[in-house]
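One chain, chain A, links the two complexes that follow: it is found with chain B in the first and with chain C in the second.
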Partner chain A sequence: MQELVNRAKELLANGTVQRVLGWKAGDMAYNPEPSYFESEADLSEFVYDAFCGANLSKYMIEASKKEGKTLVFLKPCDSYSFNQLLKEHRVDRDKAYIIGVGCKGKLDIEKIKKEGIKGIESISGIGMEDACDTLKIGTLYGDKECSYQDVMLERCHVCKGKDHVVFDETLLESRDTVDSERFHEVEKIEKMSPEEKFQFFQKELSKCIRCNACRNVCPACSCRKCVFDSTKFDSAQKANVDPFQEKMFHIIRAFHVAGRCTDCGECSRVCPQGIRLHLFNRKFIKDINEFYGDYTAGEDINQEAPLTHFEFSDREPNEERG
Partner chain B sequence: MYQIAKNDLPALFRKISETKELYLPVRVADQVNFAAYTEDADVSLETLKTVKSPKDAFFPQSETLYTCHKEENKLSITPEELQNQEFVVFGIKACDVKGIEVLDKVFLSEPVDTFYKARRDHGILVALACNEPEESCFCKAFGIDCTDPKADVATWLVGDFLYWNPLTEKGAALTDAVKELFAEADDSAVQKQQETTKAIVEKLPYMDLSLEGWNGDVLTEKFDSPLWEELYQPCLACGTCTFVCPTCQCYDIKDYTTGSGVQRYRCWDSCMYSDFTMMAHGNNRTSQMQRFRQRFMHKLVYFPANNDGMYSCVGCGRCVEKCPSALNIVKVVKAFQKEGGDK
Partner chain C sequence: MPLTENEFRPKIVAFCCNWCSYAGADLAGSSRLSYPADVKIIKVPCSCRVNPMFILRAFEKGADGVILCGCHPGDCHYSTGNYYARRRMTLLFSMLDYLGIEKGRTRVEWVSAAEGVKFSQTMNEFVEKIKSLGENVRLGDLRCKN
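What follows is the complex of A and B.
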C-alpha cells in the first residue's frame, strides 16, 4: 500500500495532479470511505485494503469539473465504469490521472456478519501484502476466523479479470478470484416458471426502502436529474406506495442502464436490504450477449454499443421471445 | 417478574396474536425487519438490529391520509380510518424505545398528529434487552441502558427462558391476558445477564464517544464550521441513513392519481434528497453539503434546542452499518472533536 501513497505524493509534489481520490481509513477495520487528499499530510490517512470496494469512477464526474487533474485509483473492474463514463462524455479524460491498482478481491462485511461474527474489533489478513486465505477477526466475543474467499463480494467471485481497460500507470498485482460462473444465478431464475419468477422478485423487491443508494452509487446512473426525483412530472417517487411501484423503480432503472451497465456490482454492495439487484442487470447482459454477440460495456470506448447501433442483420425484437 | 421457556414462545406469540396484531422481528428474503406475526413467520429474536427500526409501527414509511373520489360532478372525500385496535410490538430494543420517545416529542406536541397518536394509544411496546451489543452500538452516549429497556413490558432472553416484567398499566393488562403461559420468577438470572452485558458495553469501541460541545446553543459555531465541506464529500445523497434511522421523522405529502380521484398520502422524506423542503420559491438547501449538514445539525443541535436538550440520535448504529460510503454520525462527532483538540 505504501507504494500507492509514495506515488501519490510524487504526483502531488511535481504538480501532475492537484488532488488524489482514494480511500481514507475508517474508525473500524472495515469502514474506509472514499476521500479526496489535497496534500502530503492528508495522505497519512490513505488506505487501500480488502474493504476498499467502493468504485471511485462515479466521483470522477464531479472531479472532472474541478480545477486541474485528479489522481484516481481504479481497480480493474472500476476502470470499466470509468471507460463507460468516458464514452458517455460524463468524465473528462484530461482531468484524470489514473493509477490502475491491483485487486485481490474485496470483502463484504455483511457476509462476515452472516457467519455469526459480531462485535468486531479488528480484522487481519486484509492488506494487499497478505495471502488472502484466512481472516483473523478479533471480537468482543472471542477470536474468530473465516475464509477470505467465502466472504468476498459477489462480484469478485465472477471477476472480469486482472486487466485495467484504462490507466496511465498500474501498481500492485491482482489475484485471480473467480470461482463461480457469472450467469449461473441468472440461468437458475430463467428456469423458474413465470409464477416462481414473480414470487422471487416480489420477495426481493418488497424489501426495498427506496433509499436510492443503488441508483446514486451506480456509475451508469449519471443523469443530472433522475426522472424519479423530478418534481416536474408525475414520475417523482419517494416511497413505494404499492407493490407495483416497488418493482417499477428497479425495472425502469435496469432498462435504463441496459447495455451500459458494466456489472460493477455496486448496487448490490450498497443495498441496505441485501436485494440482489445485479441479477436484473446481469440478465440484460446475458440477453444482449445472446442477441448481438458478446459485449462488455466499458471495455472498449470505440466499440459500437449493441443497443444504440443498428445493423440490418440485427435480430428482430419479437424473434424467439415473442 | 415472570418467565416462559424459549420453546414456548410460539405459543405466546399465538396467544397474543389471537386478539391483537403482533409485530416482531421476522426474517424475509434473508433480512430481518419488524413484520406482522404469522404461523409460518421466521421469527428472529437473536438479531440485534433489524435493518429498519420499528418506527414503521407508529410512523409507516407510507400511509394514506385521505382519498378523493370523483363520480360525474360529485367529489367525495374519505378520510383514512385511525388505528382503533390494540397491537403489540415485541422485541423492540432500548435504543429504539428511546427513538419512539423522540418521535413523541415531534408528533404528540401541538398540533398533535392524529394518525401517530392513534397508533401510540393502541400500541403496546414489549422491549427486549440486549445481550450481545455490537461494535457499532453507542446508545450509552445518550444515557440509554440497553440491559434495562423502559417500555410497557421489559423482557430478557437468558438461557432457555424469556423473562417478562410489566412496567406500565398497558403492560400489566397484556400480561394478564397471557399469564397462563407464565411461571413466577425471581430476577437473579436477569441481573446476572445484565452484569455480563454491561461489562461488554464498557468494552465497545464507541464507548467513549463524547457529545461534549453539541447542544442547542452552538448553532452558529457548528453551522459555519468549514469541516462540513470536507465531511460531506463521499456522501452519495442517498437516503439510507435517514430511512434506517429510528428517529428521523421528516415526511412529505404527495398525491397518487388513481384515475378517478386522488389518494393523498404521506411518506418518509430524507434531508439528503434534492427536493427536500422545496417550496414555491425553490429550495433553501441547494448543495449536498448543506443537506448533509442539515441531518447532523438537526440531530445534535436543532432538536436539543427545541426539546430541552434531548438529542434526536439514540446510538443504535444502523447508519454506521449501512451507509454505502461509510459515513455516519460517529465520524462527524469525532471529526469535530479532533478539530477542537487540534486548535
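What follows is the complex of A and C.
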C-alpha cells in the first residue's frame, strides 16, 4: 500500500496530476470509501486493502470535467468499466492517469457477519502484502479467525481475470481467485419451472426498498437524466407498491445496461438488502454470448456493442433455445 | 359459438408497425378474415419503437399475452429498425422467461401489408396458445385485475 501512496505523492509533486482518486479509511476497518486527495497531507488517510471493493471508474465522469489530470487507481475489473465509459465517450482518457493496482480478491463484510463474527474492532490479514488466506479478527467478544476465500465477494469467485485492459502503469501483485463457474447460478434458475422461477424472484425482489443504490453505483448507469427519476413513471423513486413494480424496476435497470454491463458486481455489493442483482445482468450477458457470440463489455473499445449492431442472420425471438 | 359465462377470454395486446403489420391487419379486415376480438391492436411507427417498457406495461395492466408484429427483416420502412427490435425482443423475452413468464406469452411475428391471411392465422394461433396457458397471474398489478 505504501508503494501506492509514494507513487501518488511523486505524481502530485511533479505536477503530472492535480488530484488523486482512491480509497480513504472509514470509521471501521471494513468500510473504506472512495475519496479525492488533493495534497500530500491528505494522502495520510489513503488505504488500499481487501475491503476496497468500490469501483472508482464512475467517479471519473465527474473528474473528467475538472481542471487537470486525475490519478485514479483501478483494479483489473474496474478497468473494464473505465474502458466501457471511454467507449461511450463519458470519460476523457487525457484527463486520467491510471494506475492499475493488483487485486487478491475483495471481501464482503456481510459474509463475515454471517459467520457469526460481530462487534468487529480490528481485522488483520487484509493488506496487499499479506498472504490473504486467513483473517484474524479482533472483536468485542474475543479474537476470531476465518478463511479469506469463504468471505470473498461473489464477483471475485468468478473473476474475469487479473489483467488490466487500460492503464498507464501497474503496481502490486494479483492473485487468481476464481473457484466457481460464472453462469452456474443462472443456469440453475433457467432449469426451474416457471412457477419456481417466479417464486424465486418474488422472494428475492420483495426485499427491494428502492433505495436506488444499485443504479447510483453502477458505472454503466451514467445517463444525465434517468428514467427512474421521472415523476411520470410508475416506478419513480418510492417504495414498491406491488409485486409488479418490484420486478419492473429490476428488469428495466438490467435491460438498460444490457450489452454494456461489465459484470463488475457493484450492484450486488452495495445492495443494503442483499439482493443478488448480478443474476439479472449475468442472464443478459449469458444470452448475448450465446445468441450473438462472446462479448465482454469494456474489453475492446472498437468492438461493436451487441444491441447497437445486428446481423442479417440473427436468431428469431420465438426460437427455442438450444 | 355461444359464449358460456365461465369461458376464459384472454386479453391480448398486439403492437403493429404502421407500414406493414397494421396494413396487414387492415387487409385481414377488408378481406373479411376473422381473428378473435381479444386482440387489441396498438399502432406503432416501427417495431423498433417498442420499448421493453411497453411490453411490461401491457402485462402490468392485465394483458395475458403480448405480440409484436413488424415488417419482414429486410423490408423495414426505416431500413434497419426491425433488426434492432429483433435483438432487443430476443433478450427481453428470454429475460421474461427467466422470471417465470412463460415463453408462449410473448411473440414476435413478421407480417407484411399483403399478408392479411397470415395476420389472421397468427392471431388465431396466438389466442389459442394463450387460452391454453390461462390467465397471466404473474407480473400483473393486482389493482388492474377485476
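Just so it is clear, the second predicted complex is superposed on the first by the 314 of 322 C-alpha atoms of A that agree within 3 Å, B and C clash if a C-alpha of one lies under 4 Å from a C-alpha of the other, contacts with A are read in each partner's own complex, and residues count from 1 in each chain.
Note that a contact is a pair of C-beta atoms (placed from the backbone, for glycine too) under 8 Å apart; a residue touches a chain by one contact, two chains touch by 3 or more.
Since we're looking at a predicted model, the values are computed, not measured.
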Checklist entry - Looking at the overlay, what does A:Ile252 touch: chain B (first), chain C (second), both, or neither? => result second
Next on the checklist: For A:Asn216 in the superposed arrangement: first (chain B), second (chain C), both or neither?
Outcome noted: first
Checklist entry - With the two structures laid over each other on chain A, which partner does A:Glu187 touch: chain B (first), chain C (second), both, or neither? => result neither
Next on the checklist: According to the stated criteria, A:Glu169 is in contact with first (chain B), second (chain C), both, or neither; which is it?
Outcome noted: neither
Item to check | First (chain B), second (chain C), both or neither touched by A:Glu145 | outcome: neither
Checklist entry - Looking at the overlay, does A:Glu10 come into contact with chain B only (first), chain C only (second), both, or neither? => result neither
Item to check | Contacts of A:Asp294 with chain B and chain C, given as first, second, both or neither | outcome: neither
Next on the checklist: Quick one: is A:Phe310 in contact with chain B, with chain C, with both, or with neither? Answer first, second, both or neither.
Outcome noted: second
Checklist entry - So which positions on chain A get touched by both chain B and chain C? => result 234
Checklist entry - Hey, which residues of chain A end up touching chain C in the complex? => result 186, 189-190, 194-201, 234, 242-245, 247-248, 251-252, 254-255, 258, 280, 283-284, 287-288, 291-292, 306-308, 310, 312, 314-318, 320-321
Checklist entry - What part of chain A is in contact with chain B in the complex they form? => result 26-28, 31-36, 54, 59, 118-121, 140-141, 203-204, 206-207, 209-213, 215-217, 225, 229, 231, 234, 236, 238-241, 269-270, 272-275
Checklist outcome for this item: Per the touch rule above, chain B residues touching chain A in the complex are 28-31, 33, 48, 51-52, 61-62, 132-136, 200, 203-205, 233-234, 236-240, 242-244, 252, 254, 256-257, 263, 265, 267-270, 273-275, 278, 320, 322, 324-327, 330-331, 334
Next on the checklist: Can you tell me which positions in chain C touch chain A when the two form their complex?
Outcome noted: 52-53, 56, 59-60, 73-74, 80, 83-84, 86-103, 106-109, 138-143
